[in-house]
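Think of it as A, B, C and D in the order they're written, each chain with its own count starting at 1.
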């Protein structure tokens, strides 16, 4: 038998790979830092904000002495926006890297896939950006198993409520609008969103003429806009996240005469103006915090520091992920250990003023168990409009930094 | 009104499909290669055009030029680093070259896609269009950019037609697609012909990519879909038949547009897939293909 | 000679694999668990390509049908896991046969295209009927195989070993011989009196059976069935790359390729986004310079004397 | 005696082309029938129709009285027909014994293990064909003849009533030919019916009981080997009619400069020897014919000169080696081949085909050359706009030659220009060649099996047989010295 050099080479490469993987076996030491896992899609701007925001928070906490002397270490994983990768990352975080808590993803699909694992592996987890109602509904339905999951962002229904609330003053009162068409992408998080839209828009004085759901793979929005235009609504109420740049650009190129208003996750990115070549002008979108609005005293400093450190403004999930680290740190401090049950118990007591408002979690009896409390005094949400390259907050009135303006092709009701 | 709208919108998107598929089918016709990195190359063209025009600040024209140049470079690499070595490799049996070329170009496409995502994120980008504004065509408000997209697509296809049918070089390309051995015997170097074809392909894919970027916007995640759509169009039209591909592009474009308008935008691609299956079963050589 | 050589490589490797839980952490086990299921996907694909000579671009169609059948039964009717697995495997066989009977008349890129389109259609159906299938979000399953890493690992290892043994045995059996002859030169195989279509169909069904079963096992391991996990084109692409990388026509190579792909992806995780880029580049280099793949080289070295 | 295989009125059309027309014959048990004909005569199609690889358009193929025409191949095989392919690709990873076992297997999905009986039987067969010593080796380690033996072994293993053998002796040495003849003879002894398909009578004469000769899809003669060889039509097909020679006007400088010098040329196709130690030379202005039967090695020789196949030995062109030059460079250098397959651009017009040939010339020169060619082949002028594949066979051949001439070759290589052409076309072609020869000082290397066509124009003749040059000389001496051994 003769094995050529190339075989030997090939074999040794493979051997090394296996050997390396074996060398990962964990070695625990006493002065280990407390680890927090961050799972996100790091190739997307809004995705990379999650580890970035978390790292900023960790640095600040460590500078101030850490958690009872123990430093925080952020371990980040790229999930390529895939549920399998995320589950693997989650398992690695829990079993290999022995993190104390996880901050995971802004995609509902991914978070829902992780949720049972949080229960199985008893790993406290919070999502900084996913919106599906199911996340908290499952906690409510199966609290004993899934109590480890917290929802660090508004649920779809809550978001819809914020959008409707704002529409009462912005659309109905200021612009005298009477009708709307709901346009949202076919995805998990938009099902409750749309359901709530249909209810609350009408209640707020906007008659919903049509409800269009589009495939998240859509690239050509011309037929959709034409169809909407044919129905002559005063405004398009959006529920989009997977798509964003493309509909906005086509809306502008086709000069669709009604404003786009509602939820548009990609619009929260600071690069949105550049990605759309300025087509974003006039688009109004929902956000928890904006860089120019002092939602709380922490908001503006965070946005400033973030921009100084990473070169662009934080996306929506960067704010929440920054807050999440602080909340985990507080909970671990209070719990006095990294025991998951104790952390959860402490986390449930959270009353923390972060960058997006005052955060408290709803009790297990609420349908949004472990979701955030919204409304006066807690999280209110903002409506922000892209104006000449800058996001300008237009609602609520007490924190607004400007008035709505629209591109010339927009035809507003008399 | 609706009919006219479908007619106009379908035309623009179809001409873009046609341009995208033309290069793909040209490569298959002349050198028998199904290039699965096609979509990724189009994405590279669009993203580079976006970057040079916007971030780099060179303006839309230079941007478009840079996008096409990038696509050309990718096409050359695809040919010289992946396709040619596989075709010349003595250790790959002839009957398995095809699967190796497919796998190789597929991997290369993934590499391009990941590189774009790494350098520019996978956020969708839109190339600054060369023309802004709208015109009314019989009461249908049509963006100038949409018209420009259709015009430029057809100009590119027309130029290709002239090149192939009216020039000496083009004739040799056509001849190579029919009988490469015959061409060798007439003193032509096939390797030069292949390089030429890949160059033309690079330019076509580049233009298609830039136009797509300006018309609809492109994200690195679209690479796979773009390849699949070119592949379907080319099979529908008949492998290697350029006129078949053009026709198929219109069938696909209009079928999709009509579905989106008349049925629902969320099942836009389904009728096309069903048609494709039916055609492949009933007439595997495609609409205009010869066996 | 070849068989004994393969045996000599495989048995000690399996022994080491069986002993791994004693030495490595839960995370690596979780990783390998996933890799073992992928290994079955890739081995099934290799039976169809390497032996019957048909390039199936849509292994995830078979995987997805198996996985979703099992998932729906478990989710809505709360069937226990074993009957779900069986139903999933048989659904995949039925779907595979429906696809294959007309498709096997086609050759080359056309067969590939039909299998590819099948995946896209399945994906569309799942998303369109989101109310039932959970759409993009997927279905969560009330039952999982186990939450214990070691147990899951042994399930996967045993499943891979048994499937691998059956597929490998089949490939080395007279039927495998006939398949290989049909794949390589269908006319000659027919002239030797073999009904090529029948044998290819059988290969397709066997491939479908193991793909469907592995798909169902995988979702019961993960606890969710989603399009991205078992249906997406990317899943099929990985399967094909793994099989070619490991060495076509070896069955075992396909398993090696899968373990390598998933392992390498993990080792390169510190590179973050670039990891996929690097894995693809490595796979490309292997394909260009070692077309026989990992096992191809090893077996060839043995066959030379 | 009962006929095992009866073929009646067999016809096969491919689109408009009739490849086989109303062929009928029968073979009894223990009989060997030779089916001969030049390339393109339809003999292979007949074989494929019997085996079910092609579906006959009309006619019957009866196996012991059962009409199997139109059945799928595997059923015909199970019914008792076996075939020995000329080019079979063995499986890479299976041993010789496993290949034989494959042929012994039933068509059954549940065959998961073979019993020892099968192995023993396979070993016996291996012994019978002389493969015992290499039973456990892989095909790629074996010489060509052993691979051919393997094909025979597979046929034996199937134990068919009717055996079809395609070109049994191609690529074999004379010693191996004897071995194979004995093996095929043993089929007869065992009561099988055997159909041998080959190019010419000579190679199978010793083995066959009867011969059926085909030409252009039709039967031209049937009888014993001697009868067929004496048959006038057969002689005309292979040799043409009376052999005539004509001297070319003497020119100055002729023969002085050696243009092409081929020495010790050898070519292997895989393991088969296609050319062995071939040396030829051609002087400037000479018209040289290489005559030989199909499969003798003519095309291989020309392809080696054009660098289309790898070779050993040296080929010098005007004193410089051609090694390392691409086929394109060689063609541009003046050696232009007009291959037997013609290699036209079927969907392009006649004019476009010709223009491509003239693309390396300056435009004006190309125009003059085109005019001259239209003078030589007037029919092409009238067909300028027609697509090449719609032309008749003779017109296509003229186009192929004209296209090659458009390149203004120094040396024109013409490979089998007469292949599959009707006699009346041959005359036209012959006239054109003679004009060429008389009015220009072009150098021509012509490969032909049709001696009548090849000799009249030639200044010098080589005879190639079994991959070697066996005779060289003046066309006038051909008839007496080499003509007899031909056919």
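We take it that a contact is a pair of C-beta atoms (placed from the backbone, for glycine too) under 8 Å apart; a residue touches a chain by one contact, two chains touch by 3 or more.
Note that the coordinates shown come from a computational prediction; the quantities given were computed from them, not determined experimentally.
Path length between chain A and chain D in the touching-chain graph (shortest route): 2. Ranking B-D and A-B by contacting C-beta pairs places A-B first.
Seen from the Cα centre of chain C, the chain whose own Cα centre is farthest off is D.
As a whole-number value, the distance joining the C-alpha centres of chain C and chain D reads 46 Å. Chain A and chain B, compared by their mean Cα positions, are separated by 35 Å. Computed centre separation for the pair chain B/chain C is 31 angstrom, with centres defined by C-alpha atoms. Residue numbers of chain B whose C-beta contacts span two or more other chains: 117-118, 266-267, 269. Contact with two or more other chains is made by no residue of chain D.
Annotation for chain A: residues 43, 186, 215 touch two or more other chains. An unclassified topology is adopted by the chain contact network, corresponding to no line, ring, star or complete arrangement.
Annotation, chain-chain contacts: A-B, A-C, B-C, B-D, C-D (touch as defined at the top).
The touching residues of chain D, when paired with chain C in their complex, are 51-53, 72-74, 77-78, 82-83, 85, 88-89, 91-94, 98, 101-103, 105, 107, 109-114, 136, 138, 154, 158. If you check the complex, the residues on chain C that touch chain D are 1-2, 169-170, 173-175, 177-178, 180-181, 184-185, 187-196, 198-199, 202, 249, 299, 303. Here chain A touches chain B in the complex through residues 43-45, 48, 186, 212-215, 217-220, 222-224, 226-227, 230, 243-246, 249-250, 253-255, 266, 269, 271, 274-277, 279, 409, going by the rule given at the top. Put simply, chain C touches chain B in their complex at residues 49, 55, 102-103, 106, 108-110, 112-114, 116-118, 120-121, 124, 127-128, 184, 233-234, 237, 240-241, 244, 248, 273-274, 276-277, 280-281, 283-284, 287-288, 291-292.
Across the complex, chain D is touched by residues 168, 171-172, 174-175, 178-179, 181-191 of chain B.
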